[in-house]
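Pasting the structures here.
Paired with chain B in one complex and with chain C in the other, chain A is shared by the two complexes that follow.
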Partner chain A sequence: MKPRQTLNLAATLLLGSLLLVTALFLLLFLIRMFSLGGSVLSWEFLTTGPRNAMTQGGILPALVGTLLLTALAMLVALPLGVLTAVWLTNYGRPAWLVRLLRIAINTLAGTPSIIFGLFGMALFVNFLGWEVSLLSGGMTLAILALPVIVNNTEEAIRTVPPEFRDASLALGATTRQTITRVILPTALPNILTGAIISVGRVAGETAPIMFTATTFFAKGLPSGLRDDVMALPYHIYALMTEGTHPAAQVPIAYGTALVLLLMVLVISSVAIFVRYSIRRKRQW
Partner chain B sequence: MKILKEKLFQVITYAAALFTIASLLGIIAGIFGRGLPFFGKVSLPEFLFTNSWYPTHAEQSFGAWALIAGSLAVTLGALAIAIPLGLGSAIFIAEIASSRLREIAKPVIELLAGIPSVVYGLFGMAFLAPLVRQWFDLDSGLNLFTASVILGVMIVPIVSSLSEDALSAVPHNIREASLALGATRAETIFKAVVPAAKSGIIGSVLLGFGRAIGETMVVLMVSGGAARIPGSIFDSVRPLTSTIAAEMGETVMCDLHFQSLFALAILLFAITFVTNLLSEAAFGKRRHG
Partner chain C sequence: MVNPQIQAFGLNLWFGKNQVLNDIDLSVHTNKVTAMIGPSGCGKSTLLRCFNRMNDLIPETRITGKVTLGDRDIYAPGTDVTGIRSQVGMVFQKPNPFPKSIFNNVAYGLQVQDAVKNRSELADRVEASLQAAWLWDEVKNRLHSSAMSLSGGQQQRLCMARALATSPLVLLLDEPTSALDPQSTAKIEELCLELKNSVTILIVTHNVAQAGRISEYTAFMYLGELVEFGTTEKMFTVPADKRTEAYLTGVFG
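What follows is the complex of A and B.
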C-alpha cells in the first residue's frame, strides 16, 4: 500500500475509534444506571416516602416535588416564551429593542444554572419573602426555561410559510387573528415538541433549586405553593453527600437517578420522535 | 372594539418581550447588587490573584485564585476529553458513516445532551472515582482527573452535534473538487472540509467551554473540593461553581462571605458572557459565508 493510502486508512480507523470510545463510555454509563437503579426500583419505591433516616423506603415526595416544580415552571415560562416569540416574529419594532431582546435571550441561555439559583434566592426567597418554597423554585426554573422556549417557538413560527400569513391577511383577517388562528395553530406541534424537550431539561436541574425550593427530607407531600419540597435531582445529590448512613443511601440514589433518567429520556425521546415525524409528513 | 383587541394583543406580546429582557436585567442587578459591595472591602487584584480562600477563619481572606485555577483546570481537562471524542465522532458521522448510522446517531446525541448533570455526578462519585483510586493507587478518586473525564463526556454531545451541523453545512462541491484532484478521503476531510467548517467547529468548542465552566453538580460531587492550586491531575480542586454551591449554606445573609460568593458569581457570569459573545461571533461568520 502506498503511504498516502495507509494514512487514509489510519485516519478513518482513528475517527471510527473515537466514536466507538464515546459510544462505549455512554453505554457503560447507561448499563450501570439501569442495572444498579433497576435492582431498587419497585412500585413501593415510587409510592412511599423515605423511612429509617433515608436508608429505606421510596421517593414519592421527591417525585411529586419534581413534577410540581416542572409544571409550575412551564405554566409560567410557556405563555411568556410564546408571546415573546410572537412579538419578535410579528411585531418586532423598534429595531434596537429586538437587538436588546436577542442579547437577553442569548445571554440567559448561556448563563450557568447556579447563577439562576443565586438570583432566585436573592429575589424570590429573600427580597419577595417567598422563602424556600415550591413557588420560588418554580419561578427560578421558569426563567431558566424562558430563553429555550423563546428560541424554539421563534424557530417553529419561522417554519410557517409566509403565504399562510399573506393569504390570511388578504382575506381581511387582522394581525391578531392571523397570529392566533393561522400562525400559532400551524406552528403548534413544533412549539410543543420544543416545550417538551425543555420540560426534560427543567426536571433534571439541581443547582437552581438547591437554594430556592428543596429540602433533604419532607414529612409528607407539599400542601401549598409556600411549602419547601423534595425533588429528584436534589435527592440524588443529598443522598450522596449528606445523611448518616452513606453506604445504605447509595442504592437509593441509583434508584432515584434511574427514575429521573427514565423520566427525562422518555419525555425527550417522545418529543424528538414527534418532531422527526412532523418533518417527514409536512406538506408545504 | 376590534382595534382595541388588536392593540391589547400587541401590548400583551410587547409586555412578554419586555419581561424577558427584564429577567436578564434582574439577574444582573441581583448578582451585581449583592456582589459589588464586596469589592469595597477586598480589592479586585487581591480577589483575583491571591491564593488564600479562607472565608470562615477568624482572620478572613478572600483570594480566589485557587478557585479560578480549579475552574480552568477542570474545564480544560474536560475539553481535552471532549474535543477529540466529540469532533472525531462528528467527523465520522458527517463524512464517513452511512446515512443509516447518521439517522440513528443524530437523535441519540440529542437525547444524551439532555441527561441531567446530577446523574453524571452520581456515576462519577459512585462508580468512576473508586476505580480511579484503585487504578492509580490514590487516597481519593475524587479529583481533577475524574471530574474532567465525567465533565468531558457530558459535553461531548454539545461539541459533536454542533460540529456535525457545521460539517454538514459545507457545500458538496468542495468535497467533490478535492476528490477529483486525487486527494484521499482523509486528505479531503482534514484539508478541505474541516478548514471550511472551522468557525462552526470553534463555536461548538466555545459553547462546550461555557457549559463546562458553568457546570455545578458534577464538579461539586466529583472534584474533591480542596481550595488549592492543583499540582498534578490527581489533585483535588474546588472550582468557582462548586464553591458557591457548597458554601452558600454556611453564610449569614449579607455578611462578607455571602457577598464574596456573589462576587464569584459575577466573575463566572463575566466569563460565560464573553464566551457566549465569542461563540456567537464564530457561528455568525459561518452563516454569512
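What follows is the complex of A and C.
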C-alpha cells in the first residue's frame, strides 16, 4: 500500500471510531435513563398529579405546565422573531441600527439562561407585578428563544434565491408583496424547522423559569395566565434537591427526565421529517 | 423616426465610486427589436436595468441624466416605481419561475397589481399570455402543476408569458437564451419576432449572430459608453466605428 493510501485508511478508521464513540454516548445515556426511570412510566404517570408529598402519582401538572409555557413563549417569540428577521433582511436601514440590533441579538443568544431567569424575575415578576406566573415564565422563555428564531429565520430567508425577489419586483410588486407572496412562502419550511427545534430547546430550560413561573407543587392544573405552574425540568430539579423522601423521589425524577427527553426527541423527529419531506419536494 | 418608446439623455451611472455608464444617449423605437451588444462588463445589462429601475435595488447606486418612457421621466422624484415596472416587463438570463404553479406564475403580476376584477378574467388573461408566449399547448393540461417541472426552455417562455401578462409596453430581455439549448433559443428568437408587433423589445445578448437574426436596431457598448447605435443592417455591413468593427469581426469580445 502506498503511504497516502495508508494515511487515508487510518484517517477513515479514526473518524469512524470517533463517530462510534459519539453514538455510544447517546446509547449509554438512553439505556441508563431507561433503567433508572423506566419503572415509573405508565399511563397513570402521565395523567395524574403527584401524591403523598411527591412520593407517588404522576406528572400531569408539570407536563401541562411545560406545554403551556412553551406554547406561550413560541406564540410571542415566533411572530416577533420572524418580523425582526424580515426587517433585517429586506429593509435594514439605517446601517447603524442594523449593527446595533445584530449586536443585541448576538448578545442575547450568548447570554447564560440563568441570567434570563433573573431578568425575568426583575422585570415581569417584580417590576410589572405579574408575580410568579405562566405569563412571566412564558415571556422570559420568549426572550430566550427570540435570538435563535431571528438568526434561523434570517438564514432561511437568505436561502431564497435572489432571482425570485428580482422576478417579483420586476413584475411591479411592492417590497411588501414580494415578502408576503414570494419570500416568506419559499422560506417557510426552513423557518418552521428552526422554530420546532427551538421549541425543544425552550421546553427543556430550567433556569429561566425557576424564579419566574414554577412552583414545587400545584394542586391542579393552572386556570389562567397569572397562576404559577409546575414544569418538567423544574420538577426534576425539585425532586432531586427538595422534599423529604429521596428514595421515593429519585425514580420519579428519572421518569420525568425520560418523559422530557422523549418529548424533545419527538419534536426533533418532527423537524427532521418536515425538513426531509420539503427537501424532497424542493426543485430549485 | 417614429415616436421613441424609451429614451435616455446624458445617462451616467455609478456603483459606489465606479462609473459604469458614461453619458448614454439612446432612443429605443416603438414596436421594434433593439439589440444591445458588447463585451462582458461593458454595462449593457446595467443600462437595461435602468429602464425598469432595477438598479435601485443595488446599494450605493447613483444616476444622473434622464430616462423617459413615452413622455414620462421615470427618474422624476415621486415616481411610482412599481407602476413603471408594470409597464416595462423583464426576463432574466437564468429562467426564474417562482416555486408556484404554472398558472400562479403567470397570474402573479396581475394579482400584485390588482389588474383583474374576477377569477374568470384572470384565467382568460393567463391563457392569453401563455398563448402569446407559445406555451399554452404544452401546458394547458397541467396549469396547476409546479412551474419547476418544466424544461429550461419552457421555463424561459413561462417567464416571457409572466412578463407579458400585464400587457407591458416594453419587454427587457437580459441575455434570455444564454442558459438554453439551441432549439429553445431558436424558439425564443422566433417569439421575439412575433411579439414585436405588440411590444417594444430590448434584448441584451452576447451572441452577435442572434442580434443579427432578430433585431432591427443594434446598440454597441464598450467600457460603459454607447459607441454606436443604428440599424442592425447598417452596423453589421458598414460599422462606423473601428471598435464596433473589431467586436463584430471577433477581434475581441
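Criterion: the second predicted complex is superposed on the first by the 251 of 284 C-alpha atoms of A that agree within 3 Å, B and C clash if a C-alpha of one lies under 4 Å from a C-alpha of the other, contacts with A are read in each partner's own complex, and residues count from 1 in each chain.
The rule is short, and it goes like this: contacts are C-beta pairs under 8 Å (C-beta built on N, C-alpha and C of every residue); 3 or more make two chains touch, one makes a residue touch a chain.
Only a predicted model underlies this, so the values are computations on that prediction, with no experimental measurement involved.
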Partner chain in contact with A:161 - chain B first, chain C second, else both or neither: second
Touching partner for A:62 - first (chain B), second (chain C), both, neither: neither
Partner chain(s) touched by A:186 [first = chain B, second = chain C, both, neither]: second
Touching partner for A:135 - first (chain B), second (chain C), both, neither: neither
Contacts of A:174 with chain B and chain C, given as first, second, both or neither: both
Footprint overlap on chain A, comparing chain B with chain C: 174
Interface residues, chain C side, partner chain A - complex: 52, 54, 57, 82-83, 85-86, 89-90, 92, 94, 96-99, 108-109, 111-113, 146, 148-149, 159, 162-163, 166
List of chain A residues in touch with chain C within their complex: 161, 163-164, 166-174, 177, 181-182, 186, 282-284
In the complex, chain B residues that touch chain A: 2, 5-6, 9-10, 12-17, 19-21, 23-27, 30-31, 33-34, 84-89, 91-93, 96, 107, 110-112, 114-123, 125-127, 153, 156, 160, 184-187, 189-190, 207, 210, 213-217, 220-221, 241, 244-245, 248-249, 253, 261-262, 265, 268-269, 272-273, 275-276, 280
Touching residues on chain A, where the partner in the complex is chain B: 4-5, 7-8, 10-12, 14-19, 21-22, 25-26, 29, 32-33, 79-81, 83-84, 86-88, 90-91, 97, 100-101, 103-108, 110-119, 121-123, 126, 143, 146-147, 150, 174-176, 179-180, 197, 200-201, 203-207, 210-211, 233-234, 236-237, 240-241, 250, 253-254, 257, 260-261, 264-265, 268-269, 272-273, 276
